[in-house]
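Comments concern the structure below.
Note that the chains are named A, B, C and D in the order they appear, and that numbering of residues resets to 1 at the start of each chain.
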Amino acid sequence: MSTDGKFGDYGGQYVPEALMPAIGELDDAYQRYVLNNEDGFMDEFRERLADFGGRPTPLQRADRLSERYDLDVYLKREDLLHGGAHKLNNALGQVLLAKYMGKERIIAETGAGQHGTATAMAAAHLDMPCTIYMGERDINRQRPNVFRMKLNGSDVKPVTAGRGTLKEAISETMRDWAATVESTHYVIGSVVGPHPFPAMVRDFQAVISEEARRQAQEKIGGLPDSVIACAGGGSNTMGTFANFVDDDGAERSSADDPSGDEPRGRVDLYAVEAGGSSLAVDEEAGVAPNSASLSTGEEGVLHGARTKLLQDSFGQIMESHSISSGLDYAGVGPELAHLVDTDRVTPVAVDDDVALEGFHRLSQTEGIIPALETAHAFGYLEEHHAELSGSVIVNVSGRGDKDLQSAIEETDARDVPNAPDMSMFAEGI
Amino acid sequence: MSTDGKFGDYGGQYVPEALMPAIGELDDAYQRYVLNNEDGFMDEFRERLADFGGRPTPLQRADRLSERYDLDVYLKREDLLHGGAHKLNNALGQVLLAKYMGKERIIAETGAGQHGTATAMAAAHLDMPCTIYMGERDINRQRPNVFRMKLNGSDVKPVTAGRGTLKEAISETMRDWAATVESTHYVIGSVVGPHPFPAMVRDFQAVISEEARRQAQEKIGGLPDSVIACAGGGSNTMGTFANFVDDDGAERSSADDPSGDEPRGRVDLYAVEAGGSSLAVDEEAGVAPNSASLSTGEEGVLHGARTKLLQDSFGQIMESHSISSGLDYAGVGPELAHLVDTDRVTPVAVDDDVALEGFHRLSQTEGIIPALETAHAFGYLEEHHAELSGSVIVNVSGRGDKDLQSAIEETDARDVPNAPDMSMFAEGI
Amino acid sequence: MAENEAIAAAFADGPAFIPYLAVGDPDYEASKAYVEALARGGADIIELGLPFSEPIAEGSTIQNAIVRALEGGMTPSRFFEFVTELDVDVPLVCMTYYNLIYQYGRSRGGAPGPDAFVERAAEVGISGLVVPDLPAEEADPLREACDDHGLDLVFIVAPTTEGERLERMMERVSGYVYVQARLGTTGAKTDVSDQTTRSLQRLSEWDVPKAVGFGISSGDQAARIVANGADGIIVGSALVDIVAEGASSERPVEETAAELEAKARELAEGTREGAARRSPDVDAI
Amino acid sequence: MAENEAIAAAFADGPAFIPYLAVGDPDYEASKAYVEALARGGADIIELGLPFSEPIAEGSTIQNAIVRALEGGMTPSRFFEFVTELDVDVPLVCMTYYNLIYQYGRSRGGAPGPDAFVERAAEVGISGLVVPDLPAEEADPLREACDDHGLDLVFIVAPTTEGERLERMMERVSGYVYVQARLGTTGAKTDVSDQTTRSLQRLSEWDVPKAVGFGISSGDQAARIVANGADGIIVGSALVDIVAEGASSERPVEETAAELEAKARELAEGTREGAARRSPDVDAI
């Protein structure tokens, strides 16, 4: 990555002028604290991730899935992280950074509420006042998460503008930040937004692959052949891939790779997007019935960065759709877009039906109920395992407790071959 | 403990004759596999606890609570265990033991559903068919947990007899077991029931204090002054105390303590029971508005063991009550009863109001939403911190996601000084 | 070990028919009428269930009977009163759980322990006890109290009871042994397991009568089991079913009592018939 | 850098009043009437918002206007059509987000990049562009296209813009500079921050006119700001509020247009008055 925050042509800092000093200051703090561990920032971050977050998370061999697919399937268990998803890695990192920067207040946007709850937890832990913006419609759809944020002492501000969903919440958070940049840090929830967010969030999430790579040496005795992660904004994806990106099988001069003696193997990286109900789009209605921006999107500028987007031919952003609210985003991290363009990451899409099948598969065969986001990765494994070989690490980005109601409704609405009898839940839970 | 399963006068095997061979067989398996690690059982158990369960769980310093109470407060984070509570330690141990014993089927009872979900997870993980008995009334109160069990592939059997709650579910499970002992193992959910269950469940849960003791050496540089855990049946309590019980400050001859050179310190052990709305009882109605069997119960025989019970003067078991369904049980583990009688464990009770205050306290100041069961331990800390000194370990037995709806209703029903504004949740979540 | 004479007498003339009902189900007065109906129907011994709040050994039929009885206000004191008032002249055996026995002294202001209960039971004319959650290993204090007050202590032998455990029971049993016909808990079933035969064989050396129970519901079954060597037949759920139906349909107590009496007669006759059919072969066991 | 003559002319006779409306709010025809009313009311330049689906720099007032316009079917093509049909003779500046500029070529079947948009804008008579999410650092391709087609590129200077960043903008700006009166996003506010004064001081060396915006809602405020040295006044939310009220009360378009015209007149007069009040002192900045 070059220091201007570009990944190839992607990335950059497309933000209102009022925010430029704030992201400049943040970039400076990123370089000092995160990249150079000034004042022992990274040490404290790692320690809190361990003690408060529960790291390291296990790399677990999935015996039954391995047998089913005739592969060595390993699960990276981010579902065991405090809060139930990888989101805390980033939220804790950013709230701690805000403290090091002398900020007095945290703001964040949230759609499904996962990033909001992670931020609220981190803010309570670090005693930082916290305001979370959330669209009014999302608030009504995600009440348990709203309640969790409030329990953690955060102020949840309903956003009534527009349709009352994630994008209005992002605008509202930007608006707050633009007015309060001096005292406030904006905790972005994925590897999106203007530089330094995509790089910084990736670095906070990279602990996933740092552990997984080490654990793979211990358990597999080497590198995995493939790594699979679901992609919404792409933070769990980038976190899971980061330390495997250089394992690209390319010959290296000793200048590139001073360690020299260990030849780099090849690890295939699969980013599984939400294929929704279809990969086709309805330009007229401005609706994409999927969230597959890596697979089907076009380059454009959104929320501060140049990246791949779901947009109509004029550049209006489309409404995306997915069974899993955490993947339901029309953009994707710029670095991931670049890794796809350079053929390092293979983007694949899995539709709602297949994701649900993956949800039930993991629940039944491994005793782990995954988030619907995560379920996409297992849907992919179920459909495409024959194309894989050897050992595969799948990132279990989150647990499914938050999705029980959706899982009932969505399972009820279609014919999922491996779903249990759910007649008693016809009315919900 | 003597080999007949007695703890002083408590314990024993008060079960129908048909079950005696089964518990004899289980006792044999307990001795061989658990106590003597035959066939590497304990090694496999520990490995699965690590990889599937996420052990070790952290011992985290609670900075803000420490400051508030002028103590060194440490949290043992069982809420981070897979499934969200300590329950998996036991469920995984027993399901694995059943496999070693050549059993083909698992049954369990559940009240609030925590033990049922843990057992369902373990059974899915180990590919064991599993039937969970649950009172019909409990099923209607705990639908998300019922759904989780079904997702994990367990068969949830509604029990319609009597009032349709935990005790009828226990009877029904015993009934199933009595008819199927040869092929089936009954996974009891706490340190209760006939020998060897209380000892065996304690041993499976003792990993909590095994880790905590080691972690305390690292983080506190020695033993904690006190250890606090909530007590329902007492499994998290015994698990948290087990490796500290011998730290009783007593002088020891070198014969008792061959390691010799490390003089035993004194660790105070507090078992926090549910004080409900009052410690008084209504004999007439057969109702105790609490679940404080250690503090207020009398010796008697229930569910296979002699222990302390909430009973009327004739010996009829009273209906217990607590804001937290997991503490809502009229008995308690016999070993705990014995440790109380011998003054090794101090039983204390915390009422519903104080427990709720503890719930909000931990959520707001540490970013950890505890189970309502666990909240009792924090309510005790809030009320009695002045009586403690030095370092305190509190076991966070579980997370509160399962209790959000109850927390709303119960907070709404009373005046909790530190609750957030919850007006938007008046109608529930 | 003392032997209760009334119980011994009940087995003296051949196999005994032993019905069970939960006392107080669905209410005090009706229950009295029902127990008396069983006596009229030909019961040789009657097992009276004293309801305990956690009846872990019962099937759902008897569990529900116990819930009804408890809701009707049954307590140990009322139970003893009930026995005093009862107008039957067959020996009575109290079937209950250990906690009620153990706590009774405490309810009278004394210390816990089985003696007070047994003393009072003897006083009101109870001849024996069956305690399904009290294995022989934990039974010594109760055995002693029974000896002191002249009561029998009946143990239940399961199809799975073997070896040492059988020995331990044999040493402590008196009156009769309750042979559990099959695995599972109580409840009317139609199959007569051949586990019964095997159990009877295992117990052939014992010098107490062997009464078989669990799942017997017809005179025909009773006859077959007795023909196979049983010294008695215990029937619970099949009778409780009649009480339950009476309670739910709210029909007059006399009608239910009449039905119970008829059912008891069928079972008593089956028991006698079985004795008559008994082959010399079986007698030899 | 080319300078657009029409814009230069608008500042030639003294401070300019620059109103903003979102085009297509709440529908195509009404919007045309509203823009024309602004011109009648005395606008010197009009900023026409081309609605983008993710207006991250706007306050909720303008955000809602954009939602209404998008729901009314506004697109970049329709926007250009709108400008063509517009009957006003003041210079027009298009305010939009970079993605719409960048993608326009693609919508015409060409490659992405700013040129096609700027070319078409010039064709329909647009004189300049304001792109709130395009910082100077990313602006070179657009600056080039503007030069090629004779458009001004206006940058927004925030109260926090300083040092190197100011330099970079100064090198790229043309037409006028949009001085953001205070931190925050757009929205009508009553306070006139003295950050404005400080900002104007920081820009004193720049040779483009300095137009102040963000939160101006009355003629009186306009006058004070101009008196403090501003070369222009930009007013958006206060006008959009009138459109919003018209839309929600469903009153006739003419009435809303009349109100807009009146408000524009108040602001235009405030602007002139401010110029008259300007102290020689301030002039010197």
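Brief remarks on what is shown
Convention: a residue touches a chain if its C-beta (ideal position, glycine included) is under 8 Å from a C-beta of that chain, and two chains touch if they have at least 3 such contacts.
Everything quoted here is computed from the prediction, not taken from an experiment.
Following the contact convention of this document, A is the list of chains adjacent to both subunit B and subunit D. Separation of subunit B from subunit C in touch steps, taking the shortest path, is 1. Chain centres here are Cα means. That of subunit A falls 37 Å from that of subunit D. In this assembly, the C-alpha centroid of subunit C lies 96 Å from the C-alpha centroid of subunit D.
If you average the CA atoms of subunit A and of subunit C, the two centres end up 66 Å from each other.
Residue positions of subunit D touching 2 or more other chains: none. Across the assembly, subunit B contributes no residue that touches 2 or more other chains. In terms of which chains touch, the assembly is arranged as an unbranched chain of neighbours.
Interfaces, counted as pairs of touching chains, are A-B, A-D, B-C. Those residues of subunit A that touch subunit D in the complex are listed here as 12-18, 20-22, 24, 160-163, 167-168, 170-172, 174-175, 178-181, 286, 298-304, 309, 311, 313-317.
Of all residues in subunit D, those touching subunit A in their complex are 52-60, 63-64, 67, 70, 75-77, 97-104, 106-107, 112, 132-135, 137-138, 155-162, 165, 180, 183-185. The touching residues of subunit B, counted against subunit A in their complex, run 50-52, 54, 57-61, 64, 77, 79-82, 84, 120-125, 127, 143-144, 146-148, 150-153, 360, 363-369, 400-401, 404, 407-408, 420-422, 424-425, 429.
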